[in-house]
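Read through the structures below before going on.
Here come two complexes built around subunit A, the first alongside subunit B, the second alongside subunit C.
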Partner chain A sequence: MAGLWAHHGWWIRRLAMLPVHLVLFAVIVFFLVKLIPGDPVAVLSGGQTMTPEQYQAARAALGLSGSLPAQLGTFLGRTATLDLGNSVISGTGVLSEMLTRLPETVELAVLAMVVSLVLTLVLGFLVMLRPRALVSRTVASYSRAAGALPDFCLGVAGIFLFYSVLRWAPAPIGRYDPLLNAPTHTTGFPFLDALLSGDAVLMRSMLAHLWLPVGVLVVAYAPMLIKLFIRSLQQARDAQATTFRIASGASRSMVLLSITRRALPATVAMFGTIFGFMVGGAVVVEQLFAIPGMGEYAVQAVTRSDFVALRGFLLVVGFLSLLVFFFVDVVTMLLDPRRRSGAAVTGG
Partner chain B sequence: MTVLLQIPPAPSAPAARRRLPPGVLSLALVPAALLVLVALVGPLVLPYSPVDVVDKPDLLPGAAHWFGTDASGMDVFSRTVAATRTNLLIGLATTVVATAVGVLIGLVVGMNEAHRGPLGLLARGTSRALDLLQALPAIVIGLVLIAFFGASVPSLILALSLILMPNQARLVRAEVLRVRGEAYLDAARMSGESELVLVLRHVLPNSAWPAWENTSLVFGSAIVLTAGLGFLGVGLPPPAPEWGSMIAIGAPDAASGRWWSALFPAIALALTVFAASAVGRRLFGDD
Partner chain C sequence: MTAVATIQFTGVRRVFRGRGGATHTALDGIDLLVDSEHRVGVVGESGSGKSTLVRLMVGLDRPSAGEIEWGGVSIASMGTAALRNFRREVQLVAQDTSSSFDPRRTLRDTLRRPCRNLLDLDTPAADAAIDATLEALSLDAALAERKPHQVSGGQRQRFAIARALVVEPRIIVCDEAVSALDVSVQGSVLNLLKEHCERRGAGLVFVSHGLPATAFLVDELLVMYQGAIVERGSTAQVLFAGRHAYTRALVDAYRTTAGELTPEAV
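This part shows the complex of A and B:
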């Protein structure tokens, strides 16, 4: 039993922290919403006169009756039972709306993440192995300049160049040709659904609509990963461990493997942050390409000052981020045991 | 949001900073100085009103309108120049507030984290909360905060400071944890200095420099986030000149081939971020 704990304690401890983080985050969100000036019931009623009974009922429905600790308790209880409330304006359930919109955004972010990952690996090795090549120098200097051009500028430029001038991309409206039928709903992720339904025409239309927004995200955010990977590859290459490998007569591929093994953890540890950027970027890019995802919902909620919808939006995005950070931590600790908390204690 | 939270600057000791010849210094400051000049003088010498329709819509850049007119007939040049003041003001104020509050919180949390009792617990809780805030996409927090507090220049500064403060606080906190064990603090304590004087005279100067070196990054992030919120349509309400909302207005134009109304504010935006990072590189060494 003790041996089992010594071997698996590190990820169990990290897993146990996840609910603590979730609750702490929900508490932060609760107090953030409390800071909103004005009476939410007044916003809800839109200036109509209410009887005191109606007023009290509305407050109770919003979870605003009772003392502050009682309100916090109500909020945490409802959140734990996945009751995110109903939109103040449209009256539809926030959770059901999120469940249809979240896959759209996450799919965009995940696709961009996968492409960035492949690009990072390929370009990182290219720069390390052929530092004098023109491509390598271009990549290295671009990755250093990353960040000066934000995603929405790149998006507008992309639409101008590839839709308006070159006509390589279709009109930036939605995920697929509006004349086509939606894919049958199996997973909720539109592209995955199209893949599963085997509808070749729909899939081609989706690919045509997808490559530009995904490309914008990749160009905007991949350089940060590439910069970090190049730096850690170079550090790993210059480390004594590499010299030792070469001196002990290891083959070229074994030396490369060793370098990669030591360079990866630092890059993987950044994945959570980059994924956060991708989700944030997807929210912006969606707006530009008229994709009905989380971004559109949030912007609508902002313009209608729908605080219930915004609170739900914040909770869902926050929980998603925390979940991603958890997996990133576990993978990093798998790759590099020194990063496991308490490794020194249990290792002895 | 792109520049936000890049890898924290490499912990190089402040003494190791390069001293550059004055000529190189001034050259790197030229773009930034130009921008400040435009922000200060620009609005006084505008050829047209930046908030009114002044001519036919969608005019090509030419002698009458240097940057053309947008879809509603407002002069793009006047608006781009007028927006410089707004965007720089928000960026600078955010940098100051975020750094000041971040340094303060970093100091308090760092000095109290190891304490037993409620104070230490609160400090550790704050530390975790700062970590959690950083887990969220900045633009998402910005959207929600603006929704709650309304879109005006002060509320934008407040919201952006709240987003960018955690990074500064974390940098300072990590430094305080290192400085806290130094021998000169023990020496100061033994010579009878009070805890407050100790923190202000010895801990603050020795632990605030990573936040100070990070200010150019914070400024760049504030500029990009302001424009991002404006682009999403939740920033300053139109027709207030602001680069992000100008790019948003220009986006459908760009889709139909009229490139100018989005291009010029985008160039101004990129130039500002570039100027800030150039100043940062010159003042604080590379990275």
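This part shows the complex of A and C:
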């Protein structure tokens, strides 16, 4: 038993922290949404007069009756049973709405992540292996400008250049041609569903509509990843460990593999952070390209003071990010045991 | 008795290029011969080119100009087999042992690598060679089953020495190999190195900031300053009759901080 704990304790400890982080995040969300001015019941009633009894019943239904700790308790209890309430405006269940929209946004973020990952690997190795090549120097300069251009500006510039001027992209209205039928619902992820249904026309339309929003996310966020990967590769290349791999007679491919493995933990950790940025960026990009998803829902919730919907959005996105961070931490600790909590370290 | 192994530097220059075309000459006009029969110390301030000299000596870098030869053959022109032979004969011990071991592997796993790659030993034969080396270095073989972060700094440094010695090199190059250790551990590590070189007939290049440690270990001293060797000679000659201003300043600096340096002490 002790041996099992010694071998697996590090990830079990990290897993045990996950619910703690989730509860803390839920508490923060509760108080953040409380800061929004205005009376939700007034929004709900649409300005109609209510009797005091009706008013109290409406507050109770929204979980707003009782003291602040009691309201927090009600909120946490409902959240624990996955009851995120109903939208104050539309009356539809927040969770079911989220489950419909989340895959659409996550798919956009994941597509951008995949492209970013491929770019990062290719360009990272290019810069490390051919540092003096013009392409390498261009990439290094571009990655140093990481985060200088916000996704919103890039999106507007991209639409102007590629739709209005060059006509390389279709009108920024939706995920595919509005005249086409929606893909058969299999997984909820539209691109994947189109792929699974084998509808070539729909696939082509999706690719034509998605390359620009995905490109905007990649150009906005990939440089952070590329910059870190290049730096990590260079550090790993110049590290003592590499020196000794060479000194102990390892082949070139083994040395390269060792450099990559040691450059990965920092990059994987950044990967998790970038995923959070990508989901946030996808929300913005969805608005620019009129793509239905979480972004549209969140913006509507804010503009209509729909606090239940907004709270649900924050909870779902926050929980998703915490899950991604958990997996990133576990992968990082797998790659580098020194990062594991409780790893036996003897100084001296 | 095998022939004397030699590393010959002839007119070696190493220039690093920075951003915007700026250059930094780390080494210039280095003529040097080290062999498997002598122990040579290299001292000098930070930035004097000591580490660049070490990297060139063990074939981890190439000179911008000049030639470095191993047994009369240019290291830069060596093929895979010759380079492998060179790496077996010339081994490096570095200062920062915490980052030079693979954190995921046990120390024994790391020590097996040079045995497999350079000596073509299978695992049992590699383990036998490792155990013999650990015993010679007064290291408990059980420690080899631990990971690098699970032993003390002094023990890890001895494992770093064991990694170099396990392939029985002809020349051992130590770059600040004891600088990170406390004085008592430094003494025992220096003794181990000295004993090994005398017993096995291996040469030593000992690069260090620490004047007494270097003087204790070597027969000949080189003083480096701004990328050049400014003084060379027997240890006593350099310490007590140094001609270059930097050598005298270095010895004086030691005297004012650590006390008298006498020929008897050396």
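One rule holds for everything that comes next: the second predicted complex is superposed on the first by the 342 of 348 C-alpha atoms of A that agree within 3 Å, B and C clash if a C-alpha of one lies under 4 Å from a C-alpha of the other, contacts with A are read in each partner's own complex, and residues count from 1 in each chain.
Heads up, the rule we're going with is that a residue touches a chain if its C-beta (ideal position, glycine included) is under 8 Å from a C-beta of that chain, and two chains touch if they have at least 3 such contacts.
Given the structure is predicted, the values throughout are model-derived calculations rather than measurements.
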{"item": "Room on subunit A for both subunit B and subunit C (clash or fit)", "value": "fit"}
{"item": "Which of subunit B and subunit C A:Ala250 touches, first, second, both or neither", "value": "second"}
{"item": "Partner chain(s) touched by A:Arg167 [first = subunit B, second = subunit C, both, neither]", "value": "neither"}
{"item": "First (subunit B), second (subunit C), both or neither touched by A:Val284", "value": "first"}
{"item": "A:Phe25 touches, of subunit B and subunit C: first, second, both or neither?", "value": "first"}
{"item": "Inter-chain angle, subunit B to subunit C through the CA centre of subunit A, in degrees rounded to a multiple of 10", "value": "80"}
{"item": "First (subunit B), second (subunit C), both or neither touched by A:Cys153", "value": "first"}
{"item": "Residue contacts with subunit A in the superposition, subunit B compared against subunit C", "value": "B"}
{"item": "Minimum C-alpha separation between subunit B and subunit C after superposing on chain A, in Å", "value": "13"}
{"item": "Subunit B and subunit C footprints on subunit A, overlapping residues", "value": "none"}
{"item": "Footprint of subunit A on subunit C - complex, ascending", "value": "55, 58, 60, 84, 87-88, 91-92, 94, 96-97, 99-104, 113-114, 117-118, 147, 149-155, 163"}
{"item": "Residue ranges of subunit B touching subunit A (in the complex, touch as defined)", "value": "1-3, 5-7, 125, 128-129, 132-141, 143-149, 220, 224, 227-228, 231-234, 244, 247-248, 250-251, 254-257, 259, 262, 266, 269-270, 273-274, 277"}
{"item": "Footprint of subunit B on subunit A - complex, ascending", "value": "21, 24-25, 28, 32-33, 35-37, 146-153, 155-157, 159-160, 163-165, 171-172, 220-221, 224, 228, 270, 272-273, 276-277, 279-281, 283-284, 287-288, 295, 298-299, 301-303, 305, 307, 310, 313-314, 317-318, 321-322, 325"}
{"item": "Subunit A - residues contacting subunit C, complex", "value": "239-241, 243-250, 258, 336-338, 343-348"}
